[in-house]
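Next up: some structures, all given as structure tokens.
Same chain, two partners: chain A is paired with chain B first, then with chain C.
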Partner chain A sequence: MTTEALPRNGRSLDLPERAQRSSVAAIARKELRDAIHSRWFWMWTAAFAGLAAVLAIAALPGSRIAGSASYGRTAASLVTLTQIIIPLMGLTLGAQTIAFQRESGALRFLLSHPVNRTEAFWGLYLGTSAALTAASFAGFGAAGILTALRSGSGEAGSFVRITLLAWALLLAMVGLGMLISTLARRAAAALGSAVFVWLLLVFLGDLGLMGTAVATRLSVSALFFSTVANPVEAFRLAALASFADSFDILGPAGTYAADALGSALVPVIVTILLVWVAVPVSIAWFRFRTRQDL
Partner chain B sequence: MIRIRDLTKRYGPLTVLDRFALDVRPGEAVALWGPNGAGKTTVVRCILGLVDYEGTIEIDGLDARTRGKAVRNRIGYVAQELSFYDDMAVTDVLDYSAALRGVPTDRVRELIGSFRLDEHRSKRVAELSGGLKQRLALAAALLSDPPVLLLDEPTSNLDAHSREEAIELFEGLRLQGRTILLTTHHMEEMGMLVDRVVAMEDGRIVTECAPGELAERLGLKVWLHVTLRGGHNTRALEALETAGFTARANAAGILVEVSAQRKGQALNALHRAGLEIEDLEVWT
Partner chain C sequence: MKTLLALVLALASSVGAGAAAPVDDLQALVDAAEPGTVIDLPPGTYRGDITIDKAITLRGSGQAVIEGTGTGTVVTVLAPDVTLEGLVIRNSGDSLDREHAGISVKAPRVRVIDSRLEDVLFGIFLYQAPDSEIRGNTVQSKDLFVARRGDAIRMWESHRTVVEQNVVDGARDLVLWFSDDVTIRGNLVSNGRYGLHFMYSDRATIEENALIDNSVGAFLMYSEGLRLRRNLISGNNGPSGYGVGLKDMDGSRLEDNLLVGNRAGVFLDNSPRSVEQTFEGNLIAYNQIGVLFLPSVRGNAFWNNTFLDNTVQVGVQGGGQFGGNTWTRDGIGNYWSDYAGYDADGDGFGDVPYRLDDLYDYLLDRNPELMLFADTPASRALDLAARAFPVIKPRPKVEDDRPLIEPPAIPDPPVPLPTQSGRDLLAVSTLMLGVATATILSTRHRRSLP
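Now for the complex of A and B:
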């Protein structure tokens, strides 16, 4: 084979503006395409959609599985499922994004193109987030359709609010996963750290806080703000608030929060969740831009 | 075309490049040669902006630190092996690379034809042989028709046939007048590929010369493993020691230490002693 068919064609070497604009989109599209072609995507999608559908059927009125129940039971079940599965999906896949590509050499290949680190980072973040959004929306979609079919669309607004809160939690977890990914030296360490953070946020944090509260006689206000500082708890409280009439189910801290913050309670919790969406991913972006060994 | 001055790279207390300097003229092909850990790949990573560094790097007059994207648009980079997009099809890899370079898809079709990848276009990267992967990597590197090619150990993972094919490709690119900077630790292929060799060790330049002069300059030695017809190892050892060579016998033949550029002298000594060589291997 010769390369005679490859004469220098004299095209301009100044990067077209179109290319600069579309780099982020091209990287995001590739991440999304890779996700859709991968086994994990369909595994997560099927698991989440399947479980959400089962919960929706089990909790609906007239169901022979769960007996009489209300929309509130479907929503509460979905919130519990979401607060376990969405952080696991977001953290583990966010943690893999950069660390695995760095280890395989894919990141070096990407950055050998006329692409800067900011474009590469946001392309990877948007692509991963888009793939996980599709997977989680499939779950909510399945549950929503079943709920609407069986009990009408009267609570559609509440269901949409829970879906949007779950989306915010997902974006926060992807950002946190990518932060882990930029800090880790090895892909396996990134994945291990992501699982540890998931355990911390979903199980250990809650238990630790309860233990601390008992041991140190933590004030109710400190207990409340310590609770909502955890993005998973912030999601849970905001989601419960979207369909429950009162915060009594949350105990003294919930009652305190409702009394102290009144109508500002939900906006405060949602703001905390949005801070979790913005801050970890911003730190990850900064770390990615300044990291020496890519 | 490539101008590097005082390039220094440290990882903590370890200095992997120490005031490295290099000029590569337009159309010139230069090899960075040296053992693993000499700093060859680090030079390539600095040029691509993958690591930060002290000193200056200019490509086509542009500062690699401040004009990184414009610099990378002038560079085609070929890594050791395209092993990281295993699940992507050949055309998908090229389409992706073209999108990142702002190159129209016509160019992808053109390069698929030029690199004889037509019949493999739908195959996944994982299904390609080492030689085909290298062809694909080179096609991706040439999408924007860059004047500079960076080839990082481009033949190290290839079998003999694929290596021969790759060398033929690289020769073609060199004849087109592209500026080529390649890293290698294979001495034998440099003569065919480059005009000049820069030998490196511990992040520093040891010597610069034409490829044919390198072994002599560095006093490099290789071992010849010679099998003689009818045995006669004792006679062979006597003949070689008389001619001034260090040699020893093993179960299959004899091993002779020779200068990398003077292998024929040892064979002549055996020939003069009336010994017939049955087989020969070069051990580096």
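Now for the complex of A and C:
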């Protein structure tokens, strides 16, 4: 695919900033609309909302027996579900954006309009993120309503914090997916890599650390920091802090972290997550802007 | 007797005159009283510290304040058969070494009833005070770091004492030493270090207490014949946050307790030494670890208990050869919320045994730092993989041949379990659904590229 034939979109650079913004918004809106008209969007939404609802209902007998102590358990299950589904959604759909659109010619069509590559990139990012935000908010909303209605017990503050953290995780994963998309040569490779990265973040990383901890007696500080460097784990630990009384429940590594970081514990973990939100998407943007062959 | 009444009247009028200044002569009043006298203190502030060395009753209807000097124990009781009732006792010294207390008792058959102790280091200290009664009091310690506080109620060689309906918030421990046949009933102990702690105290009855949000719920050591019934023990989450910890105990019976949301519901260390211990009808729910054993512990029997959604249902600290505990009695097992079997014949018992042999649990027992990964998809994947490909087959920690299909009736808690209104959650969740819907609808009527 040669890019020399593509018009160099210098024109819109001269436009006022408002026009640039509006073209980002227009691309985002188109991306969002395409997403919502696709089957996968409804599949993800139904899967996430459905599973979240099942979790909320499954926790009901417990909440009748043990009052609000059961909220921690509902929240923990919801966090586990989020850990699996949100990264899969974000990574696969982020990976599909640029690589798929390039293969189908949609990207060339898009760039033939008076938009520059920066606008196109952020439009795609925002549109995909908006669609997934809707999917995840629908899931959390459904689970929250069921928990509140059926058991009359729930901690709104913690629930909102978990939702916002899940949203940050989602943005991080879309960004990482788009980075994969700019690195991969073909669409299939992008999707395959995205699934592999998902496996790595959700399963293999933790399993590797567990194995290392058992085999080499890894120090608790090394164990904690190599765990929390993973954005999926950063999400989990920050979410856990919203409903657990203390990090002591995480065993020696949790006690170490609470002692070592004190009141900075949650801010540090959230910062790690936000770095994951900002950095991959920025690299992806840089690559997309400078590499005309993409 | 007449002089005494006159004195009380004089005191009353001086208080009535509106002076909030402490009345000086409480010690004189006590010194002047004959044994057996009931002294009704009118509302007002009386200056401590005082010592009572004869069998009198001091009654304050909740509005007589004995204000300590802040340098020692406020009320010291040296004679048997003293009753202190309806008093407010404030401002002890703060020396842990000298055991500065609100009330210090060194004689038998003393009653402390319906009194309030505030800003005291130790609350009520019984030293060789058998057959005493501590009922309906409220104790608040000084606002110090928890280890620097004193114990709300501390008993030493005070057999057959009854501690009933007291409320303790933010003290250090409620602690008993060398006191046999005591009854601890209906107390509420919260935000301290040990909700209840005793050593060398045989045949204690502990029932209907609520031990909530302490570092440790009840830690009971070196005693025989404990009966622990219908207590609510929840939210005890310190680094060794055990709901009930039993160390070197014999023949304990735990029945119908609610052990909810602790770091470990029950912790067993070398208990029993020889006489079997039984656990029947308890709710063990939402703890990080339901029951935590040291590996050498054997001789405990569990039946008709509800093991509900503990992150780890049964843990063995340090792994090792674990066995010799019973999980079924008279054909009745326990309810396990993670039981995956079935009940085809409909007799209420699972047709396949409940076995706890997860690989992650097995690794966790030997490597406690892996608790960092509890509840992760990775740890669950590990269990699934181990089940599908049983290369490593851990020996089951628990084998319950008659697991219950439905949880048994849950005992009523002595105080209501905390619940929260779902209204706020409903509101924010609806808002989230609204955002999702608005996002989806926003694409409806607009056209795409400019």
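As a working rule, the second predicted complex is superposed on the first by the 256 of 294 C-alpha atoms of A that agree within 3 Å, B and C clash if a C-alpha of one lies under 4 Å from a C-alpha of the other, contacts with A are read in each partner's own complex, and residues count from 1 in each chain.
Note that contacts are C-beta pairs under 8 Å (C-beta built on N, C-alpha and C of every residue); 3 or more make two chains touch, one makes a residue touch a chain.
Predicted model, so just to flag it, every value in this text is computed and none were measured.
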item	value
A:221 touches, of chain B and chain C: first, second, both or neither?	neither
Touched partner set for A:282, first chain B, second chain C, both or neither	neither
Partner chain in contact with A:134 - chain B first, chain C second, else both or neither	second
Chain B versus chain C as contact partner of A:118, first or second or both or neither	neither
Chain B versus chain C as contact partner of A:149, first or second or both or neither	second
Of chain B and chain C, the chain that contacts the larger number of chain A residues	C
Which of chain B and chain C A:30 touches, first, second, both or neither	both
Residues of chain A contacting chain B in one complex and chain C in the other	22-23, 26-27, 29-30, 33, 110, 113
Residue numbers on chain C that touch chain A, as the complex places them	234-235, 237-239, 241, 258, 260-261, 263, 283, 285-286, 288, 306, 308-309, 311, 337, 363, 366-382, 407, 410, 416-437, 439-440, 442-443, 446, 448-450
For the chain A and chain C complex, residues of the former touching the latter	22-23, 26-27, 29-30, 32-33, 36, 61-62, 65-73, 76, 79-80, 83-84, 110, 113, 130-131, 133-135, 137-138, 140-145, 147-149, 151-157, 159-160, 163, 202-203, 205-207, 209-210, 213-214, 218, 220, 223-224, 227, 233, 236, 245-246, 248-255
Chain B residues touching chain A - in the complex, by the definition given at the top	11, 45, 48-52, 60, 68-70, 72-75, 77, 79, 82-85, 87-88, 92, 96-97, 99-103, 110-111, 113-116, 135, 142, 144-147, 165, 168-169, 172-173, 176-178
Complex contact set, residues of chain A against chain B	1-11, 13-16, 18-20, 22-23, 26-27, 29-30, 33-34, 37-38, 101, 104-106, 108-116, 292-294
